[in-house]
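The structure under discussion is supplied below as structure tokens; questions concerning it will follow.
Naming follows writing order (A, B, C and D), and every chain is counted from residue 1.
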Amino acid sequence: MAISGVMRAGTVQIRVTDMAAAADHYENVLGLVRSGAGADGRLYLKGWDEHDHHSVILRRADAPGMDCMGFKVSDREALSSFERRLRDLGLKTERVPAGADLGAGERVRFVVPTGHTMELYAEMEQVGNGLALENPEVSPDGLRGIHPTHFDHCLLYGDDVDGAVRVFTEALGFKLAERVVSLDGKVLIGAFLACSTKPHDVAFIRSEGKGKFHHAAFYVESWHDLKTAADLLTKRRVKLDIGPTRHGITRGGTIYFFDPAGNRNETFSGGYLYYPDRPTLSWTENELGRGIFYYDRRLNENFLGVTT
Amino acid sequence: MAISGVMRAGTVQIRVTDMAAAADHYENVLGLVRSGAGADGRLYLKGWDEHDHHSVILRRADAPGMDCMGFKVSDREALSSFERRLRDLGLKTERVPAGADLGAGERVRFVVPTGHTMELYAEMEQVGNGLALENPEVSPDGLRGIHPTHFDHCLLYGDDVDGAVRVFTEALGFKLAERVVSLDGKVLIGAFLACSTKPHDVAFIRSEGKGKFHHAAFYVESWHDLKTAADLLTKRRVKLDIGPTRHGITRGGTIYFFDPAGNRNETFSGGYLYYPDRPTLSWTENELGRGIFYYDRRLNENFLGVTT
Amino acid sequence: MAISGVMRAGTVQIRVTDMAAAADHYENVLGLVRSGAGADGRLYLKGWDEHDHHSVILRRADAPGMDCMGFKVSDREALSSFERRLRDLGLKTERVPAGADLGAGERVRFVVPTGHTMELYAEMEQVGNGLALENPEVSPDGLRGIHPTHFDHCLLYGDDVDGAVRVFTEALGFKLAERVVSLDGKVLIGAFLACSTKPHDVAFIRSEGKGKFHHAAFYVESWHDLKTAADLLTKRRVKLDIGPTRHGITRGGTIYFFDPAGNRNETFSGGYLYYPDRPTLSWTENELGRGIFYYDRRLNENFLGVTT
Amino acid sequence: MAISGVMRAGTVQIRVTDMAAAADHYENVLGLVRSGAGADGRLYLKGWDEHDHHSVILRRADAPGMDCMGFKVSDREALSSFERRLRDLGLKTERVPAGADLGAGERVRFVVPTGHTMELYAEMEQVGNGLALENPEVSPDGLRGIHPTHFDHCLLYGDDVDGAVRVFTEALGFKLAERVVSLDGKVLIGAFLACSTKPHDVAFIRSEGKGKFHHAAFYVESWHDLKTAADLLTKRRVKLDIGPTRHGITRGGTIYFFDPAGNRNETFSGGYLYYPDRPTLSWTENELGRGIFYYDRRLNENFLGVTT
């Protein structure tokens, strides 16, 4: 199989402080599709073009943030193989039984050196993308809000970026598509990690502390869709961080905004097609403004300062 | 490594009957970037965002068509492994030494049951995409014509589609993203094969005879780019087949047109993100019109009848 | 006032053979907004960004076609002035009292030499565009289907194009933005007439007979909107004529399709900004294919043969 | 004639401090087409789709700013009529003889109460838009940079906005498409004035002092063109103010940036179709942020503070 091992960033569990407000935001503004609600009150959502049961889980909590991020691997054998390699790197791993999340198969859970909880899984119930498997249309009826096609990636803040990169590249086979380094080249400030052909499935920015959540990104199909997304965000008075604009890193179009709990969402579009024989691109910290916001060419305070 | 084995459709060698006319078409209208010219008169070209030396080779000949199509694999070990698996399936393979094409490493050549010559290679000189590797811009200066980012896929016509599919899936690890079947479900009329996350890297349509070339496709970034491409095609009086329009199969936007020798080119954009756990989509022959041309919902004579 | 006299193509009354099917098409597929239903069974509709009560009236009849087309003039004085000028040209005019159509003021009705009934009116009840007049948003909620902003123009077929052009230019102050002529330059085959800055508010193509209706066009904001319109047309299995494609004449993007009664609709986008000091563009009949369909560069049978 | 009186904002003369730098900016980055250079060193430019000789004149001076803005009227009779109406309002008018600017006919010059010099003219040499008048293509070859189709409007800052509005509406027949008022409704803070179907040809914002120049705007055809414009602005390191983003007022898409002398340019796209029977929209100062920048919903310091 051409794509094997880790296929993609598949899930993210986000803490929200008001479930009704969050449900309205994620279903009616962002426009994810609800695929289930747990007996424990958690809400399960997905991008419309995802076949798996869910990609986003909302959990009510007293403070916002990310509980964990999950990556789907090609098969159960790969799951076991990655578990061994994680342990070989000295990480503790834990098996979460199938069914602990709705529709979810068995998972391998571990914590990377930036303090973020990660999971691998090979199996999830497939609920389809709302289109027939025979002679389908190009999009389903009844979509609401921005309706991204899929959960795309997360950007996470934490102290030991080198450690997190080592886990993803050495144990899990990710490639470093782009990186941000200090002017003297000695400090890895940011790392954009790809497991298949997206320019990133997960990224890390060096920051004090552990386990900070910068954003979860959702894919829309075009620059035009970013405009209609921005129209809706204003009409619904969703708090904007920045955008529509474009990243230098990944070249993707973007809008950053906040859910009612203060978690940052991104609608992302475009970005180049990554292959593992593509050279790693480097950004120096003095050009990071253009790297993050290609048009403004400077970081805003929100981007740097606000995480959950 | 997450993407291993066959990474992508990497090269296509196309026969043209008038090299000067072809060079003008491929460089100034399609807008590929020239990366070399062989002592044997062959012209080497690439999409601007490709790092490898070339993806298209033009060879002067008395009749148009495709000489061969090449796929880049992750490393030399994979090359040897695929060679064995091809032989295990009963195919003859041949090693083409490094340097036989400009910038090209050693290749494994074989012929699939539809009569098309295919190659695998692990190495090619990298010439870059015209952008710096440190603090790059989002696009290079001086692009001409339609300037697709990369060579995307080929569609080939031939009799033994089942045989070709078996080679690609069993020996090379491709997945069947979509297929077209007869109404009774017994005859495989078309097969769209993916090796990574594009909905196809190569496709086959059942047809009398061997080795027919339907089109080579080049990727542009948006539906808007298809409009500016179509503007240029008319201004330059390039022979149009159809478009801009949209495929049901792959969902991609498309224009089909012809080079001066009569080979069909496609500019392709969009298409969903394919993963190997995505179910194979099926089209029945009575809905093939909508599958190929989602808006017209019927095939035109050119699409069916003209190959080289 | 800078724009005075005839301001725009304002209304069109279309005959439909099945009102329920037509209502579904015009409201849910084309996405006009219903603004009223007459006691006589006629249905009143408008594009969402129109402030006047209606721009489209559907009337049930045994055969499809256009009953009449209306143009809004700047004030009652202009209405009387045009009435005199029409009579001076030898046309019969008739006053239709206010209220004969829902929300409509008094109208001046006349028949142009191609056999089409035309109306002028200075007043219509304003119902607004769904947005506040103070601190508005950029678009209203609840739009359905393609939801064009406004009724844009009609193309009409008839024998005496020269006569119709004389009425519109000499009596009503329209300008000839573009025209199609025979190769010898002696026969006016087509005329595209502008009253303000759109490249046409009404157009005529020479054809046998009187009073034929080729299409009514509705404006969408971008080339991207034409793609989503085409997606919906296929999903709803609306009969397509051609598109998305582009006109050489006016440069506008277009899709042509049919309502359930067989009347042709157009979704139109773009087109240059016309001013009366812009030279009239001429097309010769041998280039008419490219003039009408810039990408295909040839007319299709539907375009020429199907009118209602 | 349907459009009579003032047809459009036709010209703007801008002061630049370094002509070579300005020429590079306006020709290669903004991508206006050079149509002449005066013996006095002034440079004449136009948008590619304008037929008149020029719309922009650059004059070298010690300080940036706008010398004057010109409006084209339908004919010489209108010119004389407006001259009388301006005098009737108490303004001094001056005739500038034909030929004082390259290709320009006679002009009527006057100063509005905000201190801005304005001109009216009925005649200018037509040089064409680079396309044939018979059987044209949809765009000319050889365009560079952002290449807007035409000069669209200016926004001007000054103290007596009420006075300027009175001149434009009472003497010149403009309509107030949108206005910004203080919370108590007593102070007119901003006025967006239309002479034909664009939502503004000239706009004023109340500010201390006289004759300040906020920006000159140039029209591009789509939201997509704003992205490619922004790409180029960054690549050329042109100083950005804000964008791509969208206005609430006019609904147009926008990028604001600066020429090398510090004058603000806008690339503008979209905006609704204005007609004189459309109600004037009002914005209250507390919502002005959303009115100017619909996505950010707040003004930035540059927008308010920087004029030339």
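Criterion: a contact is a pair of C-beta atoms (placed from the backbone, for glycine too) under 8 Å apart; a residue touches a chain by one contact, two chains touch by 3 or more.
Keep in mind it's a predicted model, so treat the numbers as computed, not measured.
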item	value
Intersection of contact partners for chain B and chain C	A, D
Chain pair showing more contacts of the two, A-B and B-D	A-B
Chain of greatest Cα-centre distance to chain B	D
Whole-Å separation of chain centres (CA-atom averages), chain A against chain D	44
Averaged-CA centre spacing for the pair chain B and chain A, given as whole angstrom	31
CA centroid of chain B to CA centroid of chain D, Å	48
Junction residues of chain C, two or more chains touched	137-138, 222-224, 231, 234, 246, 290, 294
Partner chain C, residues of chain B touching it in the complex	223-224, 227, 230-231, 233-234, 240, 243-246, 253, 290, 294-297
Interfacial residue positions of chain D with respect to chain C in the complex	1-8, 49, 51-52, 72, 74, 126, 133-138, 149-150, 172-175, 194-198, 219, 221-224, 246, 248, 251, 270, 272-273, 275-284, 287, 290-291, 294
Touch list for chain A against partner chain C, complex	137-139, 141, 222, 224, 231, 234-235
